[in-house]
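Before anything else, here is the set of structures, which you'll find just below.
Look for subunit A in each of the two complexes below; its partner is subunit B in the first and subunit C in the second.
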Partner chain A sequence: MALPAFAVYASLYLYPALTNLLYATQRWDGITAPEFTGFRNITYLLTEDDLFRKALGNNLRFMLVVVIFQTGFALLFATFLLKNSKTNIFLRIVFFFPTILSSVSVGIIWTFLYDPNYGSITAFLKTIGLGDRAPLWLGNESLTLYSIALTQVWFHTGQMIVIYVAGLQQIPKELYEAAEVDGATRWQQFKGITWPMALPTTAVVVAYTTIQTFKAFDLIFAMTGGGPSYASEILVTQIYNTAFISQKFGYASAQSVVLVVLVLFITWLQRKTLRLNDGTK
Partner chain B sequence: MYKVLRSSLLSVYAAIILVPCMIVITGAFKTDFEIYTKPLSLPAKWSFDNFRKLFVESNIAKPFFNSVTVAVFSVLITLLFASLAAYAISRLMTVTGKVLFLLFSLGLAIPGQVNIIPIFQLFVKLNLNNSLIGLILVNIALTLPISIFILSAFFKDLPKEMFECAGMDGAGQFRIYRSIALPLSKPALGATAIFLFVICWNDLLYPLMLITETSKKTLPLVLIDYKGEYFASYSMQFAAILVASLPMVLMYLFMQRTFQAGLTAGAVKG
Partner chain C sequence: MKTQGTNSFSARRVGAAAAIAFALVATSLPSAFAAGEVFGKKCTTEGVSTGQKTTSLICAEGSNGKLTWQRVRLGSTKANPVANLTPPKGSIEFHHWRSEDKVVLQGIIDDFQAKYPGTKITQVITDSTNYQNLELSKVSVNPKAALVTIFRGQQFTDFAKANMMVDLSNERFVKQNVIQSALTPGILNGKVYAVPYQSLFNNPIYNTEMFAKNGWKTPNNWTELLAFCKTSKAKGIIPFAWPAATKGNAGQIMNAMMMNSDSSIDAITKHVNDIQAGKELVTDAWFKGIATKYAQMNDAGCFPNNVVAYTDVAAQADFASGKAAIYPTGTFGMGPIKALNPAMAGKMGIFGMIVVDSKPVYQGITNNTFMFSINPKSNSTDQKIARSFMSYLLTAPVAQKYAVGTSQHVSVINVDYAENVDLLNTSVIMGKKLVLAPRFLFTNGAVATPVELALMAIGSGKNVSEVLADTAKQIKTALGA
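What follows is the complex of A and B.
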């Protein structure tokens, strides 16, 4: 019964993943016969390729910023929206809404909002008298990545709120009642009960958000295409460009092998830190 | 103090979500000049020009139809294959089941984007580029692991006794799968279907790579094209976004709970 699923999965997932390893050892333009070069791609990639290092750094910064803000906001708003009152359910529906849109739509909407001449953010800054201080959100090399990160947070925080609400609702009410009797403040209750009890949920949220940042190709492609001068290039956009713009298929495969190793390593690291936390509680 | 802080933060956040949506919805019916000068107001005159252009000149109905075809077939076939596999893994096999599950778990850990190059090369060889069938196959392969993961967790929680009774009454495995497992798992299947539908409907990377023929393009691809073609006209781009998002938005309005369940099910242990 598992045969149809396994057949498709093996031929269009496992088999390509293996051929990817083979391609990574070749110099290949995708058309003429590939030439075997062993580990040359990988060593060049890791030691000499500044662009790759830049994309890697961008990817990690993008991940960190999005994970911190998205998780923080989601936890904060989940504590606000914990009770299943009508208003809260309605607000959850509103906050969740962007999740159902496509990355391309979200990218276009925010390209408009960030537009230096016509965008609504600039217009808003003008009305409060900061018009001439408005930066080039997507045109400024040192800002682009963070502007896109903000869009990503806008895009997916609602989804994480819903995950957090489900997690926080599992915490027994008696704990809060007892704390209240003892005169604990809201902040103390959060620190003493909510945060430790929500750690498993936080682990889920952080892991999911991390994977999402590695998949942010669609959003970045729609907003900047990785520019200006590679300032918003992450690993997947670079892999795409290396293969389909520069026609270096072998080298792009080597890049994706590094991406796989990196993703597996980060996943492992997160699992490990989570387990440590569990042990001390 | 807490109450004031809470309600002001909630209002600000709601505004940050709703204002851009209002700008897009009203903007699609406005002139570009109006979008820049009065982004928040209703259109002075509701104009359907942009939509006429999209449907008559750009023929957006074609990519719309392509997206529907790809999404519907991808979701249905994935659900069928995944539920069969999940049933087998969680109910029947012991050793093979564990091995299979481990193999599918690999697909969960590794983001599907890393396969773009081998998939592209393979599909060019098989003449599956520029084909909707190719896109459907890719979608199935990419979403099977997560679907099997969600569904097998659900099947494991179903009461054993029901399956045992059915077995004793002489029902074969397919019969049990069809008459017991599937009907009982309707909520899980619905949530997974929504989850898959959103992924397939919104995907850009694989269509971008595999589809170059205009007649085969899906909505995210033509949205990118419009961004270039109508770069000077946000109202056109907004109208295109409305058309492309409409099915999702309508479904969301009627089934928020299923959406929320589906789009977070993928996260649990993901």
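What follows is the complex of A and C.
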């Protein structure tokens, strides 16, 4: 039974991944014969490539904002939507709804919303007399990444709410009843029961959200293409550009190797921070 | 007029060939060229043609050394255009990027399939950015993609490098149905590998009604252009609806900025090649001069407010609704604009964007893109179907249906544009000295992208020197990777 599964895994994941490692050691334009260059691609991008560092910095900032707000909102809403009442179930569906949309559609919709001339957000700001102060959501280099992060949070919070609700519903009610008997406030109940008991779920949410932020290619591609002036370029958009626009497939493979190592490291760090590996949770 | 053989085409002759080519890709020209063209009589502007029919005349140097109206020879041979080839039964995919042409092309496909039952053509459409980046990978593993359209420039070079195009040089429908000089972008080492279908004119489109109402004239030089911007802006009208947030169309004015940036297309080509080879920097005088023009246009108020976030969607909407005077991309924008506002039909004109005050070397831009090629990995039956459908598209009645339906000029002999007033109105540009869009001389994506992004940033108000210094660094890193 395990063999077919391994065959599928090996052909669709293992083989491409190992091939990618090989490409990372080559100079290859995707058309002509590749040339072996050893670790040159890796050392060059780590020591010489400013744009790679910029994309990496953007990616980390994007991750930080999305992880904090998406996790925070998801946990907050989940605590309010915990009971399986009809209203709560309906609201969970409403919050989950954006998740089923195509990310490109979401990107295009939000690009329209952010448009400084025709966008609803600017139109709304104008109606309340703040039209002159309306920011260039996708045009201001220091704001663009956060505007996209907001879209990402809107897009995926509903998904995380569902995960949190499932996790929070596993917490024994007796703990809350005992806390109430002891006179604990709601904040004290959250701090002493909900948060520690929700840590495993939080770890899943944070890890999943982190990976999402490193894969946010479609949203960024649809909204800004990485611009203006690379202000919203993240690692995956840069890898795409390196491979398919600059036609440096070997170099792009090296970039993707660094990306995988980075995501692994960050995920490990998060699990360590949330103390899930040593049984002390 | 001398007709060039396929072997004579080379990169260094692109400019000269193009100037003649696009005078030839002329439709029934508007009134400026509508009178006085009599066979054997004197004419004044070399290369100007009365149309793209086998009966058309062209102004060319005769044996006596004088310019006279002569019978035009449009194809590679003197023979008349031929009918399409008959296809075998079967099915193929037709890959392209023009979703805006989907309906018109489907109508043509339906006619073809009705004429030849048992033969099926399926359009596979990908957006232009992904098409340029991914199509080669896709078709190389998909032999059903028998008819594949290709962009001029980098994509054509890549397909050639990968041996992914069939040699079409000896096809009669190529030699006899297509204006020979329009074939230039699809020729490599003297062989035709791709047949350009559209003849685009990447010059600004302006609102003729608005110009007439305000008593404006299209600018003829740099000083007039900047003055026009100030006048138009003072009236509350966006002078140039330049979509700085949409890379593809933002780059169209780069063609105009480049075309008169040096003494000839050869000199411009050298600058580009040197930049791509790392021998010349974007901070050097040539490119800095181009970049500075963007800054000057921005300073003169040529572009809309918040231009950095101004998308092509907004630009088309502003032009179609009369908020902008000029849509500076090209003739291919007329179709979408009419779709937004049908009342714009017949109100669009075209002009060459001259950004020098001295006598310009070139007066406008043209481009032959949307080139048909056949996938050599397809089996012989599928290749025959692809050949047949390509030959069908290259017959005058079908090409005319495509041209009129999509508001595109085409490179096919005997096409009549009388049914589309906008094609007629914009045909005036064909009487100018045109050059093949020089923007596409940047064939290395690792250089082209930062260069275009730099110009977008400068046009949006960023400091010229700072942006170019950053860009030079990015190019150096990219070339070294």
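What we mean here is this: the second predicted complex is superposed on the first by the 269 of 281 C-alpha atoms of A that agree within 3 Å, B and C clash if a C-alpha of one lies under 4 Å from a C-alpha of the other, contacts with A are read in each partner's own complex, and residues count from 1 in each chain.
FYI, a residue touches a chain if its C-beta (ideal position, glycine included) is under 8 Å from a C-beta of that chain, and two chains touch if they have at least 3 such contacts.
All values reported here derive from a predicted model rather than from experimental measurement.
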Subunit B versus subunit C on the shared subunit A, clash or fit?
clash
Considering only touches as defined above, state whether A:D49 meets subunit B (first), subunit C (second), both or neither.
second
Determine, under the contact definition given at the top, whether A:L138 touches first (subunit B), second (subunit C), both, or neither.
second
Touching A:G30 in the superposition: subunit B (first), subunit C (second), both, neither?
both
Would you mind checking which one, subunit B or subunit C, touches more residues on subunit A?
B
What is the contact status of A:Y118 with respect to subunit B (first) and subunit C (second): first, second, both, or neither?
both
For A:P16 in the superposed arrangement: first (subunit B), second (subunit C), both or neither?
first
Counting only touches as set out at the top, which of subunit B and subunit C does A:Q247 meet: first, second, both, neither?
second
Taking the stated contact definition, name every residue in subunit A that is touched by subunit B in one complex and by subunit C in the other, in rising order.
30, 111-112, 115, 117-118, 240, 244
What residues on subunit B touch subunit A, complex-wise?
2, 6, 9-10, 13-14, 16-21, 23-24, 32, 35-36, 39, 80-82, 84-85, 87-89, 92-93, 100, 103-104, 106-107, 109-122, 137-138, 140-142, 144-145, 148, 173-174, 177, 198, 201-205, 208-209, 219-220, 223-224, 227, 234, 237-238, 241, 244-245, 248-249, 252, 256, 259-260, 263-264, 266-270
Of all residues in subunit C, which touch subunit A in the complex?
133-134, 136-137, 158, 161-162, 245, 247, 304-306, 308-311, 313-314, 317-318, 444-446, 448-449, 453, 456-457, 460, 462, 467, 473-474, 477-478, 480-481
Contacts from subunit A onto subunit C in the complex sit at residues 30-32, 41, 44-45, 48-51, 111-112, 114-118, 136-140, 224-225, 227-230, 240-242, 244-248, 251
Can you tell me which positions in subunit A touch subunit B when the two form their complex?
1-2, 4-6, 8-9, 11-17, 19-20, 23, 30, 76-77, 80-81, 91-105, 108-113, 115, 117-118, 120, 123, 154, 158-159, 162-163, 166, 186, 204-205, 207-208, 211, 214-215, 217-218, 221-222, 236, 239-240, 243-244, 249, 252-253, 256-257, 259-260, 263-264, 267
